[in-house]
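Chain lettering (A, B, C, D, E and F) follows the sequence in which the chains are written, and residue indices restart at 1 in each chain.
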């Protein structure tokens, strides 16, 4: 099967990191196709950027030429999942929800550790709409900008471990979700240091997408996420072509 | 003061209807500047279209050349409010939230009557994130497409009155919000027939925006809706110019 | 238009302060009529006093001889709003709810800073019933008795600023509501020092009341806040006269 | 022990019915002292009347000359419990809460059947503030005015049985609370006809009050329901005397 | 009347302590029959043990030869209440729920202080299912194993007092529930030292059970807790005899 | 990998049906080991039976002689998940939670269709504790006893389709979970007839378990589901041997 994994920002190195993370955990026979939006912000750290990225991701996935079996939206706490779910007939899995669903299987309460404090509310909102807030003990931030995470991986790791320790001790978290695609490579280190399961959203989402495909289940087209009605849309798609064949 | 009222779809006649509605209720001295997005769907009836409209509205408001004192997002149940709130320093009022806030002042429970059944979930989600769900008795749909609402105003009015009557009788609603900009002209008729207060989102939003301006209050820039961080954004703004002077 | 603003305690100097606060923010053409209950406590700092004040306010507003277009209940966290809503046909706006509604338009989460710790629960209860609790980050108290607030305005201001800073830093509040009519004069100072929007309930309520009057909207008389049924009531009204002409 | 059971309306025959109901279920050695407010409405069917009754009950209980060990507030869905809790050192039990607490011990979900539809919201609010809403399946009304309940007991009983049957069948209620003091005498009949436990608030409250007294537990004076602060209160108590010796 | 009080662990000295606690507060004429399960853990400090105890308690109560009028499940935060409720026709009262119900009558918010930190979640879950979570300010643990509680009563008391003080100061608790049957003897000491009401679950449950019996109320057999359907059950009851005559 | 799938009742034909269902959807290389409890009820249709089954399942899985990589608890709405999670180091997946997690990925709201009405509450409780209630539109019952489901598969299928149609039309469900292991074979038929995705808990749970194993994630041993403390447990395990090597 082929899974399209869509980065939400326009930074190619992040797309590549996400691709590696996804490929590492995919089952044999799963091909990961990582894509980068053709427009939008270099990193997504707020609502304006997140809305823009949502549209850029829809535009980019729509332009995929290969057939595909599932889509993973690889931006933690970002907008756009319901839009993708409407556009395609294959399953769409958001990494925020995927991480939270998997965390719920592993412990009674989970915490999210993300990068910037300003995005805490956005993550809380995504979890709330997904009905996954009640087992979330806290969302904590290291307050490191996304694109600086990789500059000093040592320091980034330390800050994450500090927040994770507080989440476990103070908030009684039993599982941790790393709330930023850029943190993916640190899951093992954090898990080893703190001794609680650490869930990375990208690998969780790929795993869930594989399960859905294998069970032959896809998005309900009755109700909220039905196909868009046929109508005149000015300027769409930005890339000048129609729905992808996966859709 | 000048208030920018942004239609979410690209249909000029809807923009004009919104403009008239807004102007009718505005205080003396308030200028209403109604704008139409430069791209996007002719009507917004689902998440994909709503995300696209969110970006189109941000693009359009950013391009306003006049100074302005407040922005009204005139799409019921649509995405994008938080993005607008980040981009500008003046108050941003969403008509969904405005209608619900005003309804809460008038009765213990309110219902929303909207057009398409598929958008009920989206409206519920917007109310939930706004913390305004607990006094919402129900969201009901007439199941009339937005652009057909005006085709047979008589029949549209009848269907709304039917749903309103059910909302009052079955769901114990005490106030009604008309959940579609296209229904605006029918508020008085419905109120007269059913005998409960009927709130139109556009006039509610303009009224609240005027109040905020008069009280010299605007969006908090501490936390979730702070200005976007300066960064490289590919292809933005679509219209090729920077932030408006109202921002 | 004429708005009756009802102080909840019997201290005339508080009524005068409320009157000035209300008048300062009212639109041109709005006349503020501030009234003081004819019985009840000198300050309201608990449930017993609050229930007594609720009845005293109903008695006092009922006795107003002028016609009026709206009523503002100017006690933060106090009982009685639903009773007033039943008695009159004009809109009734409670300052607790008004402050919270306005705060919701300005940021994702708000905190209330009030005077006495013992009243925190009462304020939480009023917000909960109004369906406005989910965006309330915290209710904090300076633990200064109401009537001492004005004795040392400097110290009162310092204590409020301290609690506001904690609300922003620890509770992630993005907007502050001053939870005591006696704090009204301090809103500007606090806003300047802490850099988040500060909402005063009295001005918020007057603004919302003006909006309702302008939109020709009033309390629903279907359901919870319908007119009281005609019946024998011993000893009421205390002031020996019938319903005011505003009602 | 002596328990003061306070009717909320000024109708002596209701007080007498409450007294009989309370006395029937009280343990040997418990003396029931039923009291009638000295002012207020003949029946309480809305918020205005309920606030007035809250103050009238506080005034009346304060004037009790005998010592007493507990107070029962015998109005279903009415205001005033927290005020009484502040005024006295002995336990105060509200019949709404008492009925709901007892119902929770008997089944997974309970419904309330009350008299007038307009009071449903008030009952829901009392349950919500008491934290007892989540196991409440529904509040239903027969839409019979309180003082008419006794006029045609046969018909009243039939209407209650109809609503109870709906509560069980449609709302999946497993226990019923009779939501009106005037319905007390019908509990046995309804229970016999419908086959689910039927809880009467007055007997539940007397039973809980007896338990608290026997366990030597009373209202916490730390926090929300601490004694009122000493201060000047104009016109209180209405009856011209200080706190009762039970307080 | 006779009340069966079932210890959840197999430690006879704990059963005896529970028996004394129950007997001390029972009304004259109430006989307390304390029983110990015939299998299961020496102390219950987790879910595996709690499920095992649930079945052991059902087995043990089923084997009681005397008639009885009510059952008290004397394990704080433990599983099994709904099973007992199905098996018997007499009322079943769980000490977790009983303590919380009584605490709700005494103050606006209560905290639970229990022994091991690992059981906090289990207690929160029991309260949540019982619909009693919203007035629970916190569940705190002294982190003392159950069977060590009695080893150094002085130190145990100190630790409880420390956590209670934090619950009052930080969590704004107004009432305390002792969340462990082994702490029962300390209620008076803690209440005296901290000045807030302290509720012991065993005495609360016995009191509520007495009230239910006196009011002639028992478990609803319509719905969730109806008698088990007749069917083949391998190996049950463990003790080789049928339902007790109290059932 | 090897996954132990534990039936909750003692009926071997149900175990065999579950085994087939699990095997059908398992990935290549996954071995399904279906086990039947050594004691307990022939079908589980209530709390008493469910608690007994919880212990019987723990006993049976503990006795598995092969190593295994994950455990699936194959009883819809049943007790015991947290106990299994404590006992073993490998992941434990409950079919109720698995079905709900998967359903959340496929639509905005899901309904559960189960067999007996009396178990609706139990299923709601399991979903509530799992934090998965807010997206559950309804739990509906066909009111067919579990062991009769297979007697007339045609009629069973019809009844399920009827309830599913109501769930979609009335409750606005967009996805259906079959709430009874015995219904597993009907998923495809129902999905074909009604046109919404139908999730079977056993296949969902096996898929999620495979994902967890592949991602090398297992139950957190920090907090609620830590290993039981070493202590004296009378009569356990029933089967006379210690923890399995998989644990």
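FYI, contacts are C-beta pairs under 8 Å (C-beta built on N, C-alpha and C of every residue); 3 or more make two chains touch, one makes a residue touch a chain.
Bear in mind the structure is a predicted one, so any value in this text is a computation, not a measurement.
For B-C, the equivalent interface among the listed pairs B-D, D-F or A-F is A-F, as over half of the contact pairs agree by residue number.
Simply put, of A-E and C-D, more C-beta pairs touch at C-D. Centre to centre, using the average C-alpha position, subunit A and subunit C are separated by 44 Å.
The mean-CA centres of subunit E and subunit F are about 29 angstrom from one another, to the nearest whole unit. Shared contact sites, meaning residues of subunit D that touch two or more other chains, fall at 82, 108-109, 120-121, 172, 223-225. Applying the touch definition to all chain combinations yields A-B, A-C, A-E, A-F, B-C, B-D, B-F, C-D, C-E, D-E, D-F, E-F.
By the touch rule above, subunit F contacts subunit E in their complex via residues 10, 38-43, 45-52, 54-55, 58, 79-80, 82-87, 117-118, 120-122, 125, 128-129, 145, 223-226, 228-229, 231-236. Of all residues in subunit C, only 120-121 touch subunit E in the complex they form. Put simply, subunit F touches subunit B in their complex at residues 108-109, 172.
Across the complex, subunit F is touched by residues 25, 27, 82, 91, 93, 97, 101-102, 104-109, 130-135, 168, 172, 174-175, 195-197, 199, 203-204, 207-208, 210-212, 214-215, 217-225 of subunit A.
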